[in-house]
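Below are two complexes that have chain A in common, paired first with chain B and then with chain C.
After this line comes the complex of A and B, so read on.
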């Protein structure tokens, strides 16, 4: 089969289970395509030789009862992988080789998947365009010189370009859903507490969640089923009954009540996004859903709240990078000098900026005015969703206020970059699940996504709505392989 | 509100990130534009609102206090930038 990399995850699993394909054939195909796609800069660390060996071993004694039998997979470089360098896109972790495995990746390998390498991302997941990575920009396979979104930009690029059948990202304020929207792929941010944070390089602990990034909703459901487990190693992991998301997936969403929040009609939103949203509403109706107008009155306060809460938690989490225990060290005249030089040289500009914001809002005299205030507004934002869910089962919004932009277009204005996450950030603040599905193209032919937001722990419902709408939308990505010479 | 260079120097000291004059000036511009944006929260009255510290409405689980992993010294030391047998090494602290 010459078109192995064009197959979806579900097709590959089926073909390996029915012995039409071996893990070695599949792994070789994705490794070759990845090697021919260096121009995209989607990988930070490649592990192809090991992957091919593991595939060979799998084929010698294949366990075809597993959910991801012999499937090769590259993952975002924010997940600690035992004995394989994990950088979080930062110079400060350039040489860090974990001695342990993250729970989410361990769950994936337990189901038979094979690690191919680590994918590029914004430094410590702080960014919306993958331009803050120490390892350089990532190209969006949709068009030359276009950002793939961020922070899971290597992941979105790799899935859209079919360098990996599926992948995982992390989402603190939109880092799965925004890049999925920019690349015409599907990305799910699960409920906070659904996927273990153990072994994921921490950014903002009350917001961070891992989730699948896929070519279609069914693949996404399958990976979610694998990665979502209760884990006692994460004290915020929640012990709830998890569905078999892929098995229980259904297109029957008749009578589901879907809310349309009027506050998401933001000033200056391009008409293309407004039109996409209207189209989405029609698709949802065609699927038998009932559309209900709702209000989330504090939506406009979500981004300012996020830019207090996330940097505050980041400044605390990133205090551990001191040049002593692991990572990069700059020599100094004394201990303090060493700390200051290590952190000044080891962190990039955006990370330093956020540590400074976080330190300031937590500092003596400012805590009440900023951090406490933000926690109170966060409560109001969560209350908005709680009220809305008395009337509806899910909420439909655009994923992003625009399509992908050019590399370098927004790097000089942090606030305009932050506005990218205006529709995704409220979901993290409220701890809810959200999925972005590709739903159309803008005039330039770039993909646009729609977001479906669910109640806490109701991943199955938003996956079902996404699955039903996906069929009606019938989206096709226009990828020309322009980067392959 | 305006964050001046003196404040930037103070935050940089608290953050243990050294900044020179040029970097401090750039940071002042960036932080001021970000804080202008954050100030929007002051439009809201929140006197009687409970702060949200965690979205997970569960209490922490208790577990028995037992050792589950041991002999991790080599793993713990493995990534240290400067290694000396069993210890992490830092510049001299006590004269």
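After this line comes the complex of A and C, so read on.
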């Protein structure tokens, strides 16, 4: 059975459609591998028995016209799932069971997929290493004691270790692309407004986007095609024409103009990242693309801007976790005491740090200097991209300034941790789509990713470029199953 | 205190103080569903039965603006002759409270949907214009119930997320009477528009009252205090009176007034400090990232303008010009849309002058006595119209009409039938009246002789006798004429 979990999503779909495999066989294989992989701590909540039941039901009356027929899948625990605990990686939602389903996951089930469980993530998606989760660290299957990136660390680990054929994450400042890069997998952050935010535990509303994470670009395109829908329940959802991304996928990118932003050559960037980027430029040229040097002059301000805007929104979004209505409550002498105890016991240190930063930057007397200024800079960053896209069709950068680091290596240095998002954050601030694809290894053999940034609503174009480059790069993930005893 | 020339001033020693008042009225938008969710808004439902996942702020739930509430706010803005902003922004007002599930209230801070406007008040000494600063849309909070249990507070979220319009006046009001007139006018305009039912008992209309005082003639404003959440006009007036006197006393005593938020204790009739300026919440307003700025097109606004009914000021003007009513009568009849509708229904088929008198006089008195609204009137406009026609065409006298009216108040009976059944029809047949009069003169020969010898005062006696014998039904005019001839 072990070769089932080695199959890509596209292969599994093909095999189920041609009745070479049943949903039960596939589900059982992934459940077994997940059960053997507890060491990775990729799951927060397992729902295997239900998954196997659903697979059985699917097989009794299979609808093979669906896009994800009987495909088992685990999802990031930031998506609310009806009748299955949803924690956002936090103690404060430890026992929260939604009565409703997020639009993105509903879209997935509507296409025949089957939920296996909820994947670990940084608490409220605040982190770059999955170390802020109340449910503990996640291991990167690449190497023992290595972080899988964050915040969608459970998702990246599970896809890389083949515990799930495919998954979804959320990306507020890089939370899909950075973990994809750290685990040698593909991750797409769609255009803001492409995927509904309804039913996703909010971190920073103006930046949050759900997106697919997969073993390869084609699978990624298929899942994007399933999850991206216009949704009236999300006022920021945008009604635009969505492609059938997997069907329209092409490796023909001849003549595409790809921009190389000089500002992404940051101080202290390791040579291997610089080399990877150069290699990427060569691959793109090999594919027939034209390389153009561009400038994104306000790149330097992206990280500080992000660390004002995101905490500001988070400080308000997380106010609802107050012990009054649902979730964890600590008893207190009175209302204020109950609030203080609930929130200081219910939230972890990183979440509390960001709530405090956010509260500070919105306070009267500081609002203009921080929040308002950050909004202005955000506009300038967006203008940078708009200007660049007058000359180019897409932009190529490294996904991260380094490969995956060791668990515990950066936990006491939040700023160094925040610097991990330096290449991904500007994309969220500008609301653009970005995809990370695996492109090589560093000296330790850890994966490194390249990021392709597109124009708004131009997911098809960056998927095509990624698809073409993927073939040239011919990346192989070196996973030894070290965690399976 | 003096009220000369209807000026409201507070006298202390040799100083006269003027009171400056501004109101922030919270008016519940008439709407089937809430501002950002599809939950119902009915008053008086069982606790927590009109609460959606959005209202209770469940994780991942998002607000979606209710277009109907936006239309209602714009209509109200049009009714206040105000500037409608093509672009407005919803902000989050952040604070913690048990009945505020989101931990913030969605409101409009810097860019409200409606800008400056005005309201005209009809005061005894003439008209007064009160400026409107702005109108914005916001969510109501839930309700904390502290008196059901000695230890616990209960929360009812039925009201959570209900749409409110906050209507902020300029500090143009100068007396409790003006406040009374302002609230009533605002209420009247919104009821005409159907945008707020103005029901103060149900909390559909409440106000924060800003009060300051200054020496008469001074151009500068004094330090103001805000009295929170007053829910009746009477309490507003009492609170203002108390608060203004408190401030004057402080000034006369050489003390300063602290800018603060105060509560009105209706039992003790006093205001009390709730929190000082230093303790004021920092609400950390910022644009709600879950909602895009609200943009409305000129067409959208023009369409709404075409739906605006005739408003009280215009109706009053029409009543005066077309029906020749006095400004006083017109004011009373237009103050409430239901009253003006009733009036217009009555006069469709009957005399305007009589209708005006009967509505303002008999009907209002009778309704008042029974504590009924015009909409609950036992006498329909159609039947009142019939009654007036019976008077007008001489079928019954005004006096008999009052008897008939009393019976109509017992249930909406057709006045025609009452007159027939009880035989109340006025006797206007000269021959029948002559016979009646002959008999009265016959029976009172001595008095007739006295009359003829010059005791003219006895004429009244004969009229009275004829009316008595006729059971009040004799046409008084004809009786007069015939009697004069016969005597």
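To be clear about the criterion, the second predicted complex is superposed on the first by the 483 of 485 C-alpha atoms of A that agree within 3 Å, B and C clash if a C-alpha of one lies under 4 Å from a C-alpha of the other, contacts with A are read in each partner's own complex, and residues count from 1 in each chain.
Methods note: contacts are C-beta pairs under 8 Å (C-beta built on N, C-alpha and C of every residue); 3 or more make two chains touch, one makes a residue touch a chain.
Computed from a predicted model, the values in this text were never measured in an experiment.
Chemist: Looking at the overlay, does A:304 come into contact with chain B only (first), chain C only (second), both, or neither?
Modeler: Only chain B is touched by A:304; chain C is not.
Chemist: Please name the chain, chain B or chain C, that touches the greater number of residues in chain A.
Modeler: Between chain B and chain C, the winner on chain A residue contacts is B.
Chemist: So, does A:430 touch the first partner chain B, the second partner chain C, both, or neither?
Modeler: In the superposition, A:430 touches chain B alone.
Chemist: Have a look at where A:6 lands relative to chain B and chain C in the superposition and call it first, second, both or neither.
Modeler: neither
Chemist: When the two structures are overlaid on chain A, which partner does A:322 contact: first (chain B), second (chain C), both, or neither?
Modeler: both
Chemist: Is A:341 in contact with chain B, with chain C, with both, or with neither (first, second, both, neither)?
Modeler: Once the two structures are laid over each other on A, A:341 reaches chain B alone.
Chemist: Does chain B (first) or chain C (second) touch A:201, or do both, or does neither?
Modeler: Once the two structures are laid over each other on A, A:201 reaches chain C alone.
Chemist: Report for A:254: first if it touches chain B alone, second if chain C alone, otherwise both or neither.
Modeler: Touch status of A:254: no partner.
Chemist: Which of the two partners, first being chain B and second being chain C, lies in contact with A:414: first, second, both, or neither?
Modeler: In the superposition, A:414 contacts chain B only.
Chemist: Tell me which partner A:363 touches in the superposition: chain B (first), chain C (second), both or neither.
Modeler: A:363 sits against chain B and chain C alike.
Chemist: Let me check the overlay on chain A: which residues of chain A are in contact with chain B and also with chain C?
Modeler: Residues common to the chain A contacts of chain C and of chain B are 96, 99-100, 206, 232, 235-236, 315, 319, 322, 324-326, 335, 339, 359, 363, listed in rising order.
Chemist: Along chain C, where are the residues that touch chain A in the complex?
Modeler: Per the stated touch rule, the residues are 53, 56-65, 92, 94, 96-98, 101-104, 153, 155, 282, 284-286, 289-292.
Chemist: Looking at the complex, which residues from chain A come into contact with chain B?
Modeler: So the residues of chain A touching chain B come out as 95-97, 99-100, 192-193, 206, 232, 235-236, 238-239, 298, 300-301, 303-305, 307-308, 315, 319, 322-329, 332-341, 343-344, 347, 352-353, 355-357, 359-360, 363, 370, 372-380, 382, 413-415, 418, 429-431, 456.
Chemist: Flag every residue of chain A that touches chain C in the complex, lowest number first.
Modeler: 79-80, 86, 88, 93, 96, 98-100, 102, 197-202, 204-206, 232-236, 312-313, 315-316, 318-320, 322, 324-326, 335, 339, 359, 362-364, 367, 371
Chemist: Under the stated contact criterion, what part of chain B meets chain A in this complex?
Modeler: Contact set of chain B toward chain A: 3, 7-8, 11-12, 14-19, 27, 30-31, 33-34, 37-44, 46, 49-56, 58, 60-61, 63, 72, 75-76, 78-82, 88, 90-93.
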